[in-house]
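You will see chain A twice below: alongside chain B first, and alongside chain C after that.
The block that comes next holds the complex of A and B.
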């Protein structure tokens, strides 16, 4: 048992994550060709616009569709369907918590691949200042609110109908993910109405920004992602958890420096064991980088799956130095 | 002299022209007058009424050469319309006065295609005319999900229908696929369930354009939908639904009697209605899309570059090695 535990704690997380992310990417982006269908309530960007290849559908698409129903229907029998959809979404989410972002989300994986490309090119990355971080992190809640309010406004005939899925219109997933199955049709501006012209133009601007941003800033888009905001509202009771034993933490700051999402609390917080913050993507890089045994750990239904150990830290440090060049 | 030639030419023209056939009967989604109660909703299968979560379809019988030249039939005393449900159940349904003219209203509880038929027969000048009007109606609500769609896509026909038009499915067609300008639509003509070669198939668009072709050996005839909608830009609607009508005619020689009236030949006339929309090619632009995307990418890259240069001059950063 101890040997298995040591092996897990000493795992080369970078490689493990790469392969698991690749597996989920293939499952969600090409699974449709193999008749994989995980339903339409997935808590991750398995884009519904990828008609041919999708292995399931991102929940944000049906959610916006449902909320745009006429108020009479929505607040009548169809309301139950919205609740049912949300429950399915929550059930999926409870299993992996934000691990959906760190390991499953195709758009997150694409950002990690862009980061690898930048690293290989030897270009350094950017970080936000603390002030920028505090302000930017609120944008995702604003987007979440708009994503709910705009369809509701359409259902009440207060807004034009061609704005039906406002977040999908500007989501880079809509443009980028279908391209992996050879569908480039989303890279167009729709001139049919003023609203669609504006929304599709915004979508392409965001896509350009996404590609550029993700190149210089790790997980650039995840800071603004309304799915992440929706996740956080549900994350407390989830089964997979990130925990910190503050008594064992020396506040060396390694976890903060390795965190793609620049979560300062991961190093600074020593009182609350439930350390997960709203931006966290549960990549577990912090656990892998922590040199203090048992200071950080990932648990599933209370059982420790992966925790920081000295041996694991040393092993990964050596691996890191052996197979990567320095970007500077 | 000139007059004699003209008369001769007119005579030859009349002699070679086939006798003018009676206009076809066909099913249409268009109300005889604007929706009075506003009860109609738009769905993937066209206009429907939704009552307690169940979709109901209204169809009206019309007569004439295409949507632009047809009138609603006020009353009809012939055979009852036949409805084939998604599950394959065949039943006769009652037609009658629907908002002023003859029509039918039926429930569509299941997801998939419903086929409605009406067969009428008459004899005139020794020719029996058999009309077989068909409508293929889709019931789909996205709320029912999309897992079941593939299994319900195949077109169906009835072997008891004298002449039937069957619309072939397009590549990768789903419940969301619409026919657009520039798309090719293919029909098969069946005579009591068997393909007919050489039948005359005519497609009429909403504004009156038409084209006639003959079926090949397997009973197939194809048309490319033409652009048939030219509004000013601010009035353009990408979901502008237009009706088309396709008819097939096929004649068979042979004596017989219909309701006591003798005839020497039979002319079968099948009709099928459908709809088409503006093509995305008409209103979507790759050029502007890519231009905007590349513009945003370039601005981001250039901004980061200058931001970094500005900051580098002020102080020397000590950066953490991201690799460890």
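The block that comes next holds the complex of A and C.
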């Protein structure tokens, strides 16, 4: 038992994540060809516009559709449908919590691939300043609010119908993910009406920003992602959890410095054991980079899955000094 | 001018005086205790060679002196140079250094200045080409100009006085970068991904060996004594890093076999002591030695001549030069529990955790007379320890041997009280 635990805690997280992310990417982007269908309430950007390959559908698409129904229907029987959809979404989410972002989301995975491309080219990353970070981190809530309010406005005939699914219009997933199955049709501006022209042009712009941004900034898009905001509202009761034992923490900041989402609390907070912050993508890089035994851990339904250990740290930070083994 | 003769006047006499100070201490360390680990032989011999026979400090390339743990040694190694920690523990040099500092100053700073001023100083660092002086406490900061006046090249490594804020972190990262530039100027070499990676691997291996040693001290009853542990970490100041690491790995192997044999280096009931405060630096191992001569055992420490110097390890996310250098900077700032920083809570929490992990019976807090920062943090440390019911002995002392008698009485009384407590608990 102890040996298994040591093996898990000593895992090369980078490699483990790469393969798991690849697996989920294939499942969600190409699964459709193998008749995989995980339904339409997935808490991750398994883009619905990838008609041929999708292995399930991103919940934001049906959500916007549903909310855009006329108010009469919405506040009548169809309301139940919305609630039911939301419950399915929440159930999926409760299993992995934000682990959906760190391990499953195709858009997240694409950003990580762009990051490894950059490091391979030997180009350094950029970071936000603290002030920028505090401001930018609010944008996702704004996007979430708009994503709900605009369809509601359409349903109430307050806004034009061609705003359809406003977030999908500007979501980089819509243009990028179908390309992986050879579908480049989303990569255009839809000139049918003024609104669609503006929205799809905006979409192109965001896609450009997504690709460029992710090249210089790790997980560039995730800072603004409304899905992430929606996740956070539900994350308290989820089964997968990130925990911290502040007494064991030396505040060395190692976890913070590897955090793609620049979450300072992960290092500095030593009182609250429930350390997950709204931007967290549960990549668990912090756990893998913490040298203090048991200071950080990921638990599932109360069972520890993966925790920080001295040996694990030394192994991962490697660079050729593993001849010494610890007695414990 | 002053009553202390300088080395310039009488080198032979002083060398022998300094040598005698070291010799007496080494004799006590070796002979007063039975069952010293075999692997300690390396360290005993090393100290005899360097301190008693005045052998020069081994080095490759340029020799760069450091006056505090905040100078990133990996950078120095990466430029093909060798760091040597100049913090000095000799009473003899403390007296010489008294010329430079006000009367009530820290003996560590005085001794460091004294040894730099002395001609045939030990450790023998004659070929020092640069001194890196991190701007830590006031006394060290002001020592820069004095060292320059002695003819040394000095680099002020600017350290922020607080370490919590992001501003402090970035300021320090910039400071470390300009230190790298200074090293480039000095050595005429370039910092590359590969040479830095290799340098970091050397330090990381040393740290891993240290951590193993540290963890082995959790064993109860103790597998070996704290006086030896301090000697080991003190050797890190000037020894060749790879040889040092190998010697520690050997010591670890021996201790591990002691562990399986059920060997006891101290009595079962020996009070387990956590040592904190001003750093014991050879030959001033007065206090740890007194504790162990009186039947206690130092099982862990929180000082910058041992644990604080070697414990914390560097994390890197992307092995590119920028992230490696920033990672190093973070490692030398963020986890540091030095009292020169504004807040005390990291040190408090570290001590509590060490006390719990090492099953400690009591804490001994050494404050050098004149080391204000440790004196000032005393209360806040005493308070948190008291709240947890951990007894603490606060000892204000310096490098002079005069207070030995009085100290040993106090230590004996403290250890007695710890034993009584232990008995009553059972």
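We adopt the following convention: the second predicted complex is superposed on the first by the 318 of 328 C-alpha atoms of A that agree within 3 Å, B and C clash if a C-alpha of one lies under 4 Å from a C-alpha of the other, contacts with A are read in each partner's own complex, and residues count from 1 in each chain.
By our rule, a contact is a pair of C-beta atoms (placed from the backbone, for glycine too) under 8 Å apart; a residue touches a chain by one contact, two chains touch by 3 or more.
None of the values given here were measured: they were computed from a predicted structure.
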Partner chain in contact with A:258 - chain B first, chain C second, else both or neither: both
Which superposed partner A:130 touches (first chain B, second chain C, both, neither): second
Touching partner for A:192 - first (chain B), second (chain C), both, neither: first
Most chain A residues touched (candidates chain B, chain C): B
First, second, both or neither for A:289, with chain B first and chain C second: both
Which superposed partner A:119 touches (first chain B, second chain C, both, neither): both
Which of chain B and chain C A:310 touches, first, second, both or neither: second
Touched partner set for A:37, first chain B, second chain C, both or neither: first
Chain B versus chain C as contact partner of A:270, first or second or both or neither: second
Partner chain in contact with A:250 - chain B first, chain C second, else both or neither: second
Footprint overlap on chain A, comparing chain B with chain C: 119, 124-125, 257-258, 289, 317, 320-321, 324, 326-328
Interfacial residue positions of chain A with respect to chain C in the complex: 119, 122-125, 129-130, 246-255, 257-258, 264, 267-268, 270, 285, 289, 291, 310, 313-314, 317, 319-321, 323-324, 326-328
Parts of chain C lying in touch with chain A, wherever the complex brings them together: 164, 166, 169, 197, 200-201, 204-205, 208-209, 211-212, 215-216, 249, 252, 256, 259, 312-318, 320-323, 326-327, 330-331, 334-335, 346, 349-350, 352-353, 356
Contacting residues of chain B [partner chain A, same complex]: 52-53, 142-143, 145-147, 172, 174, 233, 236-238, 278, 280, 283-286, 288-290, 292-301, 304, 308, 319-324
Of chain A, residues touching chain B in the complex: 37, 39-40, 51-52, 62, 65-66, 77-78, 81, 119, 124-126, 175, 184-185, 187-193, 196, 200-201, 204-209, 211-213, 215-216, 218, 257-258, 289, 317, 320-321, 324-328
